[in-house]
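Should a chain be cited, it is by its letter among A, B, C, D and E, assigned in written order, with residues numbered from 1 in that chain.
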Amino acid sequence: MDIVVNMSSGLCLLLGSFLCLSGGIGIIRFPDFYTRMHAVGVTDTLGAGMILIGLMLQNPDSLVIIKLLMILVMTIFISPVASHALAKAAFRNDLVPLSDRNEHKGGTESSNP
Amino acid sequence: MLIAATLAILVVMMMAIIRGFIGPTLYDRILAVNMFGTKTVLLISLLGFVMGRPEFLDIAIVYALINFISIIGVLHFSDSAAFGNDPHDTGSTKKES
Amino acid sequence: MILGLYNYWVVVVLMMIGLYIVIAHGNLIKKIVGLTIFQTAVFIFYISMAKVDGATAPVLAEGISQYSNPLPHVLILTAIVVGIATVALGLALAVRINEAYGSIEEESIQNQDNQEC
Amino acid sequence: MLIQLPALAVILPLLSAPLCLFLRRSLLAWLFTVIASGLTMLVSITLLQQVMASGTIVYEMGGWSAPWGIEYRIDKLNAYVLLIVSSISTVVLLAAHTSIEKEIPQDRHTLFYVLYLLSLAGLIGVVITGDAFNVFVFLEISSLAAYSLIALGEDRRALWAAYQYLIMGTIGATFILIGIGLMYQMTGTLNMDDLSRRLPEVAQTRTVFAAYAFIIVGVCLKVALFPLHRWLPNAYAYAPSVVTAVLAATSTKVAVYLLIRFTFSIFGISFSFTTVPLQTIFVILGLLGIFAASTTAIFQKNVKHLFAYSSVAQIGYMIVGFSIGTTTGLMATLLHLFNHALMKSALFLALGAVMYRIGSAQLSQFQGLGRQMPFTMAAIVAGGLSLIGVPLTVGFVSKWYLVLAALENGWWPVAVLVLLGSLLALVYVWRIVEAAYFNEPPAGRGAVEEAPLGFLIPVWVLVTANIYFGMDTRLSVQVAQAAAQSLFGVSP
Amino acid sequence: MRDLFAVVMMLGIFGLLSASFFVVMDAVDVAFTEASVGAGISTLLMLTAVTLTGRLEDGERHRPMWALVVVFITGGLLIYGTLDMPYFGSADAPIHQHVAPRYIHDSMQETGLPNIVTSVLASYRGFDTFGEVVVIFTAGMGVLALLTMGSRTGIHRVMADSIFYLMHEQHLILRILTKILIPFILLFALYVQFHGDFGPGGGFQAGVIFAAAIILYAMVFGLSTARRVINRTFFKLLSAIGVLLYGGVGVVSLLNGGNFLDYNVLADDPVAGQHLGILLIEFGVGCTVASVMVIIFFNFSGRREFP
């Protein structure tokens, strides 16, 4: 039983780290703001969730688990909402998404440089 | 495994900082700060376990909250009259020098 | 020898950056940003002093005998509060200066003052 | 209750400040502030008496004994400076109600008194405490209050001056913080008394040297010693008159006190004057300060600026006396601390009266005021004479001891230079006298009345004190001598 | 970076980074405070100030040479000073030998709190903390003196309402989430306030979190809505009450025959007295900090929305 818990915890942590890393690569490598946000926004929630679940499996103390659960809930709520608000604000301020039609490097087309 | 995860988080934090520095738009920086904040929350939680004192998770909760509030703050201000081409421009306080 | 003090030296570099921003930049907000960096560097310096190898945070728990020094933590808690108080007041002044002079650049303010005298 | 006096000296103004916020009416707030400040003065008088009679008083905050808790350790030096701060603040406060009526908008009056009390409490806290870190905290209370008070000035340049003061003051405070940190690193304690016992063991390390350098530079920023004085003239010139009077008389004095405390009590004379080339540096800076600032003062068009530069010069005298490093020299510094507080508060308050009537402190506007505001101008002349150091005024007493100390030490060039500096003071004071008494009032200015009693009473209280302590030197000299001797470890 | 907005963002990252560093250095309480202050409140204040003063820095300025010289002298002196310092982390440094051991070994018996930082902060060096509260109070009064506006006119009210609708139109999701979150944040603030004796936290951090919740509300629902809910005079007085509560505990201990802030005399049993005293003063700290932060923020953004 112990081994199973430990294994699954390690697996969760590994998966979470991998997701976070891919998000990090995404924020560096993607061409314009919206795609970067996509990379971060998508991986962040699941990556953070995975790591937190991994941590939860490590510790039997109920208070710690409750706190971790709180963090998890908050990440799940806050992260998408923040991304949403961010994208909306960027779009409202005329930051044009990169599309097939405008081939130039995206993200620089801002009304307020 | 904990250490590996911590290292991965640190690498991602570095990446966020790089994006924060090179910009190019304001929103990229906000995104970087947001990501950095989330990663800090994870880092603190992991560190608590690495150091063997996991009862300090309160700090991580505060980070999560503060991160959210400051992102909202940034959006609120970047959205506000002084910056965008908002019809409700209150204008008079703003002097671009 | 070098390894034993590296932490402090990083702090010194941070302090120098902060101090340089305060002295050399003309923008009033940036000056306050520099002040924050300078002060934070000092905080880090204090906290580094308190660290003991192999010890943990000074919250008593069973089975732990070595704790880091709590006194610098207390001092820095106070100093952080003092820092934020200063920052708030400085920003308030900067806002008022902007209303009165229409600028927050040191040179432009000095020029306006010199014309008045 | 007598045992609790040291705590009362600080918590009286400290707790009056938030209480004052509840008072809506300007007059009520003023009365309340005067009472609080007056009570503080009474407490400090009693403390001085007790200290003179029975020696150092130790008070443990929170009941924790010394190196673990914060302790108040009141010796003759503290009690003396305490009395200066609280009494000057009380007397100046008498004029506040009349003065701020014209200079500060009605809705800020209560806040003004709150900040005034906070500034007073901060200064007293700095002076009275026996804990190095507590010094930093209270220094920041008084500084933050002072920045806000200066920024309340009418002119927009007051804001800019306050901002510059804030930046310089914060750098200074942070330097002090670094110095305290380094000291703590080497000794493991923050208590001043404990520090003074443990520092000699590690006095030869480079860390202690760096700590000393940082603390001295930080304090000198607050003192406005010559090359670091740039923030002072504008801050004094554009602050509300009352604020100028009280800051000029107290805040730099408290910083000088800190300098003395750190050099003599904490690091010890042997360290400060032998390990470090402090003496030479300070004598040169002090003398340079006297001459540069006095010369600048001569060319000022605004009288407030003129007196502000004169303050920088007078700080030079204090530093010279202090750096001579003998009991007489230190005594001269301490005397000048008291005397300069008396004359500068009188002068700035009288200037406030002039501002109240004619709304400007330009020298050109002073023409003919001698006849129109005879009492106010007489006060300015008396203060000016004291500044020059004419016999029968307090200025003479301190300069006398300063020259005496220099001669005792065989530094006769210093003595000559000090006297030459007084000649420069003569020049700038004469410019005011000439304008006020020997020129006709400028055309276009209507009849000017004498200042209201609200100003005249405190101004003349201060001027009388100026002359009284100039003639009857027993009290001030006795206390200053005792304080100086106690710092040098000589039993009186 | 010319764009001050970006500078402030970077400062936020710096705050988070230094806070993480504090965690590594075992200073959990400090990390707590630095996170809520350095990355939270001070970033928000700077953002407000930047929107008020203009976003771009004027780059046409020479960088004086002497500044560099001063900075290098300072840095050099510090490096020189560090050379004789005990090594980083060594347990036999003087600071770990002299005063601190008593805090670590005896604070449990003397104050009965497991969190040593709290017991030192609130009891051994309680007077410093009183000074700290007064500093924050002073800052609040200073900002009030500098930035208070007179009563608003009708035009301003119209403008306020338009901003109000603007916010309601645009951030529906945000508003809903905020509504859900705010009770949790307030609850968490209370937890931090009263859990400070056992873990990281205490009055100051709780005050900041409390204020952050109110600021969040004000940002999402508009300042005028927030003002309808929250009375400004109330906060002004609350900040004074916090200081008075702290001082009052000290005065009561004076009247009970102890020294100022000596909590031992507050109850029959010294440890119970310490508990009571620390609880009360932490509450005072929380009141003052929360209300001053709210005052500062409201006055800043009041300037912005009602110029």
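One rule holds in what follows: contacts are C-beta pairs under 8 Å (C-beta built on N, C-alpha and C of every residue); 3 or more make two chains touch, one makes a residue touch a chain.
In this text the structure is predicted, and so the values were computed from the model without any measurement.
Chemist: What clusters of chains are still held together by touching when chain B is ignored?
Modeler: one piece
Chemist: Taking a step as a move to a touching chain, how many steps at least join chain A to chain D?
Modeler: Each step joins two touching chains, and the minimum needed here is 2.
Chemist: Taking contact as defined at the start, I'd like the list of chains shared as neighbours by chain B and chain C.
Modeler: Both chain B and chain C are touched by E, going by the contact rule given at the top.
Chemist: Please name the chain that ends up farthest from chain A once chain centres are defined by their CA atoms averaged.
Modeler: D
Chemist: Determine which two chains are connected by the greatest number of contacting C-beta pairs.
Modeler: Ranked by contacting C-beta pairs, first place goes to C-E.
Chemist: If you average the CA atoms of chain D and of chain E, how far apart do the two points sit, in angstrom?
Modeler: 31
Chemist: As a quick test, compute the distance in whole Å between the mean CA positions of chain A and chain E.
Modeler: 29
Chemist: Any idea how many Å lie between the Cα centroids of chain B and chain E?
Modeler: 19
Chemist: Give the residues of chain D that touch two or more other chains, as numbers and ranges in rising order.
Modeler: In chain D, residues 133, 137, 140, 144, 147-148, 151, 178, 184-185, 190 touch at least two other chains, as defined above.
Chemist: Can you list the chain B residues in contact with two or more other chains?
Modeler: If we look for residues of chain B contacting two or more partner chains, we find 16, 26, 30, 32, 55-56, 58, 61, 65, 67-68, 72, 78-79, 83, 93, 95, 97.
Chemist: Return the residues of chain A touching two or more other chains; collapse runs of consecutive numbers into ranges.
Modeler: Within chain A, residues 78, 85, 92, 112 contact more than one other chain.
Chemist: Looking at the whole structure, which two-chain pairs count as touching?
Modeler: Applying the touch criterion to every chain pair yields A-B, A-E, B-C, B-E, C-D, C-E, D-E.
Chemist: Could you please specify the touching residues of chain B with respect to chain C in the complex?
Modeler: 51-53, 55-56, 93, 95, 97
Chemist: Using the touch rule from the top, collect the residues of chain E that touch chain A in their complex.
Modeler: 55, 170-171, 173-174, 177, 180-181
Chemist: Touching chain D in the complex: which residues of chain C?
Modeler: Where chain C meets chain D, its residues are 15, 19, 22, 28, 31, 35, 38-39, 42, 45-46, 49, 71-72, 75, 78-79, 82, 85-86, 89-90, 93-94, 96-97, 100-101, 109, 113, 116-117.
Chemist: Quick check: in the complex, which residue numbers of chain B touch chain E?
Modeler: Those residues of chain B that touch chain E are 16-17, 20-21, 23, 26, 29-30, 32-33, 36-37, 40, 43-44, 47, 55-56, 58-59, 61-63, 65-70, 72-74, 76-80, 82-83, 88, 90, 92-97.
Chemist: Which residues of chain E touch chain C in their complex?
Modeler: So the residues of chain E in touch with chain C come to 4, 7-8, 11, 14-15, 18, 21-22, 25-30, 33-34, 37-38, 41-42, 45-46, 48-50, 52-54, 57-58, 61, 63-64, 67-68, 70-72, 74-75, 78-79, 82-83, 85, 87-91, 93, 95-96, 99-100, 103-104, 108, 114-117, 120-121, 125, 128-129, 131-132, 135-136, 138-139, 142-143, 146-147, 198-200, 204, 289, 296, 299-300, 303.
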